[in-house]
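Each of the next two complexes has subunit A plus one more chain, namely subunit B in the first and subunit C in the second.
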Partner chain A sequence: MLPVSAEVVIIGGGVHGCSIAYHLASKGMHGVVVLEQKYLTYGGTGRSAAGIRQQFGTEINCRLAKENIKGFIRMKEELDTDFDLELEQGGYMWLAYTEGQLNQLRENVRLQSSLGIPSKILNPDEIKELIPLLDVEGVLGASWCAEDGHVNPHRVTFAYYEAAKRLGVKFYTYTKVVDIEIEKDKVKAVVTDKGKISTRKVVNAAGPWGKEIGKMVGLDIPVVSERHQIMVTEPVNRIIKPLILCQDDGSYWKQEPTGGFLIGMDNPNEKKGYDVGVTWQFMEEVSRRVLKKMPILRDVRVVRQWSGPYDITPDSQSIVGPVEEVEGFYLDVGWSGHGLQFAPSIGRIMSELIIGEEPFISVDVLSFNRFKTGKLIPEPACI
Partner chain B sequence: MEKFTDDDVIVCRCEDVTLGQIREVIRRGYTDPEEIKRITRAGMGPCQGKTCRDIIIREVARITGKRIDEIPVPTYRPPSKPIKVGLLAEESD
Partner chain C sequence: MRKTEVLVVGGGPAGLSAAIAAASMGAKVLLVDDGLKLGGQLVKQTHKFFGSHRQSAGVRGIKIAGMLLSDIEKLKDKIEVVSNTTATGYYQDDGVVTAMTGEDVYMKIKSERVIIATGASERMLTFPNNDLPGVYGAGAVQTLMNVYGIVPGDRVLMVGAGNIGLIVSYQLMQANVEVATVVEAMPYIGGYLVHASKIRRLGVPIYTSHTILEVYGKDAVEAAAIVKLDSKWQPIPSTKRILNVDTVCLSVGLSPLIELLWQAGCKMKYVPQLGGNVVLRDKYMRTSRRDIFVAGDVAGIEEATSAMLEGKLAGLIAASDLGYAYDGWEADREDTLSSLEELRRGPLSEKIRSGLKEVVVEW
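Moving on to the complex of A and B:
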């Protein structure tokens, strides 16, 4: 049974929704409710390539990313969880195949260095030394950060969920939000298929579905849902730790701590919408691309493929914070494929904004308002 | 000799998950087979749960008192049998 009222209703049981709930409750807030249309991690969270990195190309993302890494390092203790979160800082490597790509990486690394992120540019010999199994034909250079890496998206989410639950947060799965009631431009209630909850504060952390949630309060949130496919191989002996991203054909791969290779690619023609189906064409195409770079994977077997929705914005940048149009309506959407890793910093910042504290890092530049003022902040480092 | 209980039975042979581990996760409040899969990795291996899926669903039904047809079923995804990356790449030539 749903409660009749709540202090805050968070829409979305992904890693962001659960992190915001935990952070609110840990600040002593009572009456926090999380609503999820399916099961926890159903959306982008549970379908992610599980990467965490500090190699971004905008100042706000670099500053938040540094906090994310610190957050993941202390997470097991902070959330007091017995789940193995699989945090592994095996590094992230972005390969450049044109002067233009290399110049962009140089620019990113300059920004990252100025903010204290230990990334650097490598030449092909240095790349070969780090990853002897990689075919570096055509590679001009790379950017590299040894602190970047991997975390288990499911277990991170469930760890936030359990910690939040212990602090009194109520979670309702298979509960779909169908409307949000507004009175005099203020949030009044959230209507679901299981009943209505009166509340003055609503958080839209619904990822790609955030667009539909926005419509319920009359906002046109510029988020496009785009399917991204990925596949995983059988576990084999660990031969490589970093994630490798090739900017010539958009392919990327990494070997998880459990031994399987996660292999994906960027596909600008991928299906829009909420379909989480998969195609044979993807498996064939991505196999062809990855074998050119990592021929040793020829005899490794693919065991499964899946897909998940990215919530992409015009500047590939998230939309975070309150909105002018509706009092009590907060956004945390539009992460454009790099959302998982921002759960530690943004969960805290959202809780600070909701409670009325000064956020520990200002996220004004990520506001919904930027689409009216035209002050977009394109993030060049996206997968 | 140590006593062997059915908690020690391996239900997911791909990922070495025991019935006891599944029961522990259900008792912790995870009653959706998708959540159980995502926490324990049961069903994520080469057979994608051909053995463990039905056992897990039955266990959820037994512990929660739900009917089996009320419990959502995780998706099988291609390929139905593991296939070498090299073979997949040749197909697209």
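Moving on to the complex of A and C:
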């Protein structure tokens, strides 16, 4: 049974919803409710490649990213979880194949360095030395940060969930939000397929579905949902630690601590919408691309494919914070394919905004308002 | 991209019968099977069939395979067989099936109708060291011995006293492998009494309300622990015993191999009486996707005779969808339906009947 009322209702049981819930409860807030239409991690979270990096190209993301890494390092202790979060700082490499790409990476690294992020530019020889198995044909250089890496997105989410639950947060899965009631431009209640909850504060952490939630309060949130596919191989001996991203064809891969390779690529022609099916065209194309670069994977078997939705905004940048139009309505959406890693910093900042504290890092530039003022902040380091 | 009219995945009794029926109607059939030899489970079944049906009771499984294969041979201008080939994926966007021959040859198949007849896989149990070499499925042991002439070890613990566990125990003994014990978690023997008496007569004890606790060994199985279960299925620690065995055979049931059907987005339902998740279908074996049919163990764990009858139905209907027919095929279809009903009439089919009630629908 749903409660009649709540202090805060969070819509979405992805990593962001769970992190916000945990942070609110850890600040002593009572009456926090999370609503999830399916099961926790159903959305982008459970389908993520879960790479974490500090190599961004905008100041806000770099600042947040530094906090993310710190957050992941202390997460096991902070959340007091038995889960192995599979945090591995094996490094993250962006390969450039044109002068233009390399110049952008140089610019990113300059920004990162100015903010204390230990990234650097590598030449092809240095790349080869780090990753002997990589075919560097056509590679002009790379940006590299040894502190970056990856985590297990399911475990991170469930660790937040369990910690939040211990602190009194109530989670309701298979509970879909169908409407939000507003009175005099203020949030009044959240209506679900299982009943109604009165509340003055609602957080839209519905990821790619964030647009639909926006419509419920009359907002047009510029988020487009786009399918992204991944393929994973059988586990083999550990041969490579960093996550590698190729800017010529958008392919990327990482080897998980358990041995399987997780392989994806950027495809501008991917289906829009919420379909999470897969295609053989993707499997063939991504194999072709990655085998050119990692020929050693030739005999490794593919075990499965999956896909998940990206929530893409016009500037590939998230939308975070309250909105002017509706009091009590908060956004945390639009992560444009890199949102898993921002759960630690943004969960905390969202909780501070909701409680009315000064956020430990200002996220004003990420506000919904920027689409009206035209102050977009395009994130160049996106995939 | 290979194109065909009816693609049959799986060359067991269900798939072979489906291919024969569709080809008899006149359709062009492509049959892929991952084995080196066609026949599915039948090729290893050297025992006389326990089937209740008039057509095959008392016949050895391997003989039945032979009969089906000679029918396939007669229709070879209509049926193309690709062995050693695993269907690896069904893609919903365009209905393409991907497949691998061996480890090297990759192909894509587009067919107007697809019949999934992939059979079942053996269930596993969880216990410490269950991944040590020497822990087998009973069906796998039967394949090793009866198809490839290899014995799995010298001394075996058989887990599960259903028909498969009992038959394989007997066949192990025929191959001069010692069977230390058969344990069965239920308080009674699940398989037929004839099979149980055969192995008891040879001095092998069958312990009911017993299970395997754990396996010991460094690089392979060296010993196994068994234990008695109380009425609440909890192990009674004082009854733990260590057996010196080098092989553990698990015969704890089969699960339908439904992956392709999940991928195709067919409507499924969890029905324990049929072995787990199975697909909803009409009485002619059509799934919620009009162009996909099922037949045999993948549609619910049953037996070879029902698999053949279901295969025949699926093959007939798939071909008739495409406009094919032969004189009297409709009478054949109804006859096949009533044979299936007759087969499932007995008290031993009670479980199957109750399971089917939950998945046979009208589209």
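By our rule, the second predicted complex is superposed on the first by the 383 of 383 C-alpha atoms of A that agree within 3 Å, B and C clash if a C-alpha of one lies under 4 Å from a C-alpha of the other, contacts with A are read in each partner's own complex, and residues count from 1 in each chain.
Keep this in mind: a residue touches a chain if its C-beta (ideal position, glycine included) is under 8 Å from a C-beta of that chain, and two chains touch if they have at least 3 such contacts.
Computed from a predicted model, the values in this text were never measured in an experiment.
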{"item": "Partner chain(s) touched by A:K184 [first = subunit B, second = subunit C, both, neither]", "value": "neither"}
{"item": "Partner chain in contact with A:T258 - subunit B first, subunit C second, else both or neither", "value": "first"}
{"item": "Touching partner for A:W280 - first (subunit B), second (subunit C), both, neither", "value": "both"}
{"item": "Contacts of A:K372 with subunit B and subunit C, given as first, second, both or neither", "value": "neither"}
{"item": "Greater subunit A contact set [subunit C / subunit B]", "value": "B"}
{"item": "Shared subunit A surface residues [contacts with subunit B and with subunit C]", "value": "278, 280, 283, 299, 301-302, 305"}
{"item": "Contacting residues of subunit A [partner subunit B, same complex]", "value": "38-42, 46, 83, 154-155, 158, 162, 173, 232-234, 258, 263, 278, 280-281, 283-285, 287-288, 290-291, 297-306"}
{"item": "Residues on subunit A engaged by subunit C in the complex (per definition of touch)", "value": "277-280, 283, 299, 301-302, 305"}
{"item": "Subunit C residues within the subunit A interface of the complex", "value": "88-89, 91-93, 96, 98, 103, 108, 265"}
{"item": "Contact footprint of subunit A on subunit B as seen in their complex", "value": "28, 30, 32, 34-35, 38-39, 41, 44-46, 48, 72, 77-79, 82-86, 88-89, 91-93"}
